[in-house]
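Note that chain A is present in both complexes that follow, paired respectively with chain B and with chain C.
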Partner chain A sequence: MVTKSEETQLNSLENQVDNGGGGAWEYLCLIRKLKVRRSDKVLKHGLSILNDPKQRSTLGNEEWTLYEQVAVAAMDCQCLDVAKDCIKVLRKRFPESKRVGRLEAMLLEAKGSWELAEKAYTSLLEDNPLDQIIHKRRVAMAKAQGNISVAIEWLNKYLETFMADHDAWRELAEIYVSLQMYKQAAFCYEELILSQPTVPLYHLAYADVLYTLGGLENLQTAKKYYASTIDLTGGKNTRALFGICLCTSALTQLTKGKNKEDKEGSQLQSLAAKVLEKDYKQRAPDKLPQLTTALNSLTLSS
Partner chain B sequence: MHVGIRAMAEDLVLDTAIRDWVLIPLSVVMVLIGVLRYFVSMLLCSSQTPDAKIVKEGQVILRARNLRTGANFVPSKSFRLRKIYFCNEENGLLFVPKGQVQNPQAQMFSDPNMAMDMMKKNLSMIIPQTLTFAWVNFFFSGFVAAKIPFPLTQRFRSMLQNGIDLSTVDVSYVSSRSWYFLNLFGLRGLFSLILGEENAVDDTQRMMQMGGFGFDPSKGLSAEKDNIDITQHDWALPYCEQRAEAVLRKVIS
Partner chain C sequence: MGSNSLRYEIAQNAYIKLVLHSLKHPTSAVNGILIGRISPSNDVVEIADAVPLFHSHIPLLPQLEISLILIEEYFSAKGFNIVGYFHANERSDDSELGGVAKNIGDHICRYFPQAAVLLLDNKKLDSLKKSKERSAIMQLYVRDTSKNWKLVQSDANNRLSLKEPTTNVVLLDYIASEKWNDIVDFDDHLDDISKDWLNPGLFN
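Showing the complex of A and B:
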């Protein structure tokens, strides 16, 4: 994940470059380091550097890294001719390279020739069975073709070997949620929380999945995870606040007969409701009446 | 290191020539040798094709470690599920049956490539160190080079004052051999600045690695297994509700 200071640095560099202030190379290096996906900017500024022979020669050996970066950005923006030119230049320079082979396979994938790309990836994997990027590209291809079950299968096999790759777990969780396989999605989110316990995003997503699964125990757990999200974000996450309100009202509906935990829960809910109202008053005052009616209906039904 | 210039009652006055001709040249030489060693290692390094099994084991260890550190953030059922998955006696991921423990060590010595790599790494470290040490001893011995700013016990005398044969000199006054050792361990920061962050030539780490090379994979697994077996699950989430209440109260007020 990108930290806040890195994000501000990136944005300020981006502003500077966009307004003609130079520093394009540092901007591109920072994007490469942080692995951010800003392909249109990369394409624009990268091409401006590459088309200018003076600037290109000052890069020295980094020129080839820039070619690779621009090729990938071009494929992302569907400017396939630009990508093809870049790859051709790279191929001339590095005739035997597997890295260039990977780029060529990606170009086939971008063009939409799935079988050729699949063949290219499989042959690349035979030479180098531990290349993480190629594995992930195969999953992405299966997903793009709409073949979600195959994507899940590939991703699971990838995770059997590379089980500490939290990006892959995240992707798997999102696929499962899209297929409504919530139990499996919950497992993936647990893995993510284990590896990065201080990222509120995962707590929130896990709480959402648990709330969707329903059932007394899951609702109680979901409420706790919404609370931890609020704790981690300092009360600013609107979704978590709504989550608390919904969870509490669902819980009280389920436990209508038993009055034990009413007192503890209602404080959190009323606090969350107050914070929501305050937030809406500040940011979206015209929606405030809708919010109050919704919250009142929640408390009424509980 | 403090080259004392002010004359106090017990202090020795060290000639500034020592600083100019001993301390600085020694540091410069060590930096240059480090840079040279880096370039030589770049030339000599052979690309290692990672073994699938080793990669998988590394990832398993990472995941197990995450389980241990994040255990209090997931519900107890999930934790127990994963604990069994990792530590199960029959097919748990971390369980290594005793017969297989011997393999990595045997493999290390029988596999010629790995042995060559080990040799190269060790040689590239030992030879410059030995040569520099011999050079320091030959040229820069027999006089006090510097004064350490904090007092030391007498036991360090033999280590730090090897060339100085006066037993009455305070142990804080050391010979150039100790300056050499200080540079050896301390120049890592400088190398990471010069050579880029990942390429710092770190002797201390390499020396530690020399001690433990064969045993890392299998011992890592069983160590992680023991660690997970020990871990108790203390769910931190229930406290979160109270903390969230406090946070929200602060937001409202």
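Showing the complex of A and C:
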């Protein structure tokens, strides 16, 4: 997960490299640091460095890191020959390495040789049962084969040991959402909010899941978390602003006839609506008419 | 005239937008809305345009509800309806219409009872270059009388047709030039409202 400024920095660097302005090594390092998935670019620019003996020699020991990075990117792009070559080079340099063994197992996975890959991962785990990457590869393999329930089971087990792995909690939440198991997804987002309460995306995702679940209590809580998202993002998050409007409208539908005066609620909705209209007027003026009508229909029902 | 003989004809721009959208996000499921109208002869649903929707958190309601409200608002003013739903599965070997797609399809049927669901056929997409396939690389699903989504078998009586016969040739051209980079979906719009989900000028 990257911040907007990190993404901007990465994109401008990518643009520079793509257009022949140099900086490929910095770009590749940034990709590694931010853990972003841009395998086609990594493959292209990584290979150009590796295939140039002059550039390669300036890397020193980082050369091996680059081979590993390119191998993984190649596997993601299904360029298995390139991956194989990189892994061969690494194997030659580090004959006893378990890290290279992991890459070899990943290559089996990329080929679709599920059983062989499973065997390789299991044996690697015997020697190092705390290798997080291998645990996660096994979950990924289950997911790739369509064994979603197995993936869920293993991911849950993984999280019992590695409960601070936020990416794993997010993955589990997304798998639950894809299966429409919203309650379980909500639990994952609750864990994430507990451990990282200032990350607005978790508040937003939690609110979205609660809204989808529906019901009076969930809608009221969803509204609170849309509000906290707005708080944490300085009012700039379009989805949260829409969320407030949707929640208020849905809540009013539910509490129709019951004499609940929720002045605060409708205030919040009109504030959110105003911010949205102002933003659209500035940045997407041709979409403003539809927005205004939409917001009116949402407030009319409240 | 029951809806079990209704045909669906998809225009080039709509079709290409949907496929390019799927190609832009190869590691996730994507979906889209079909826009069109029923022909004056009442036997063909003409899918004139498409709006790519999301590439993340597809089964969540808030983003779907907002997008449908805004899309409906825009197109009804132009005399068009929401006439169907497009879905592309996350995994390339998954050719089933999943629960989420069916649920959203049901939702769309509230707008347009004869709504179609189109599922991207990954195998056909894969082999498109070699196969020189001239028909749509999508599967057509319609609801039967018990409101279950049923696959309409493609046969001589093809109920899903491409309006322009050279559509796949044009598609392959755009794929070769990596045109998918220019596609904007509703997810992109919600992240940055200056991005236009109408994709004007995409095919200029």
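Observations
We adopt the following convention: the second predicted complex is superposed on the first by the 278 of 302 C-alpha atoms of A that agree within 3 Å, B and C clash if a C-alpha of one lies under 4 Å from a C-alpha of the other, contacts with A are read in each partner's own complex, and residues count from 1 in each chain.
One rule holds for everything that comes next: a residue touches a chain if its C-beta (ideal position, glycine included) is under 8 Å from a C-beta of that chain, and two chains touch if they have at least 3 such contacts.
Quick caveat, the model's predicted, so the values are computed rather than measured.
Applying the stated contact rule after C-alpha superposition, one finds that A:211 touches chain C and leaves chain B untouched.
Of the two partner chains, chain C is the only one that A:238 touches; chain B does not reach it.
In the superposition on chain A, no contact is made by A:253 with either chain B or chain C.
Judged by the touch definition given at the top, the superposed model places A:178 against chain C, while chain B stays out of reach. Touch criterion met: A:284 reaches chain C, while chain B stays clear of it.
No residue of chain A lies at the contact with chain B in one complex and also at the contact with chain C in the other. Only residues 37, 144, 146, 174, 177-180, 205, 207-209, 211-212, 238-239, 242-243, 246, 279-280, 283-284, 286-287, 289-291, 293-294, 297-298 of chain A touch chain C when the two sit together in their complex. Residues of chain A that touch chain B in their complex: 128-130, 160-165, 187, 190-191, 193-197, 221, 223-228, 230-231, 234-235, 244, 264, 267-268, 271-272, 274-275, 278.
Residue ranges of chain C in contact with chain A, taken from their complex: 27, 29, 57-63, 65-66, 69-70, 73-74, 90-91, 93-94, 99-100, 103, 190-191, 193-194, 196.
Those residues of chain B lying in contact with chain A across their complex are 49-50, 52, 55-56, 59-60, 62-63, 66-67, 69-71, 73-75, 78, 237-238, 240-241, 243-245, 247-252.
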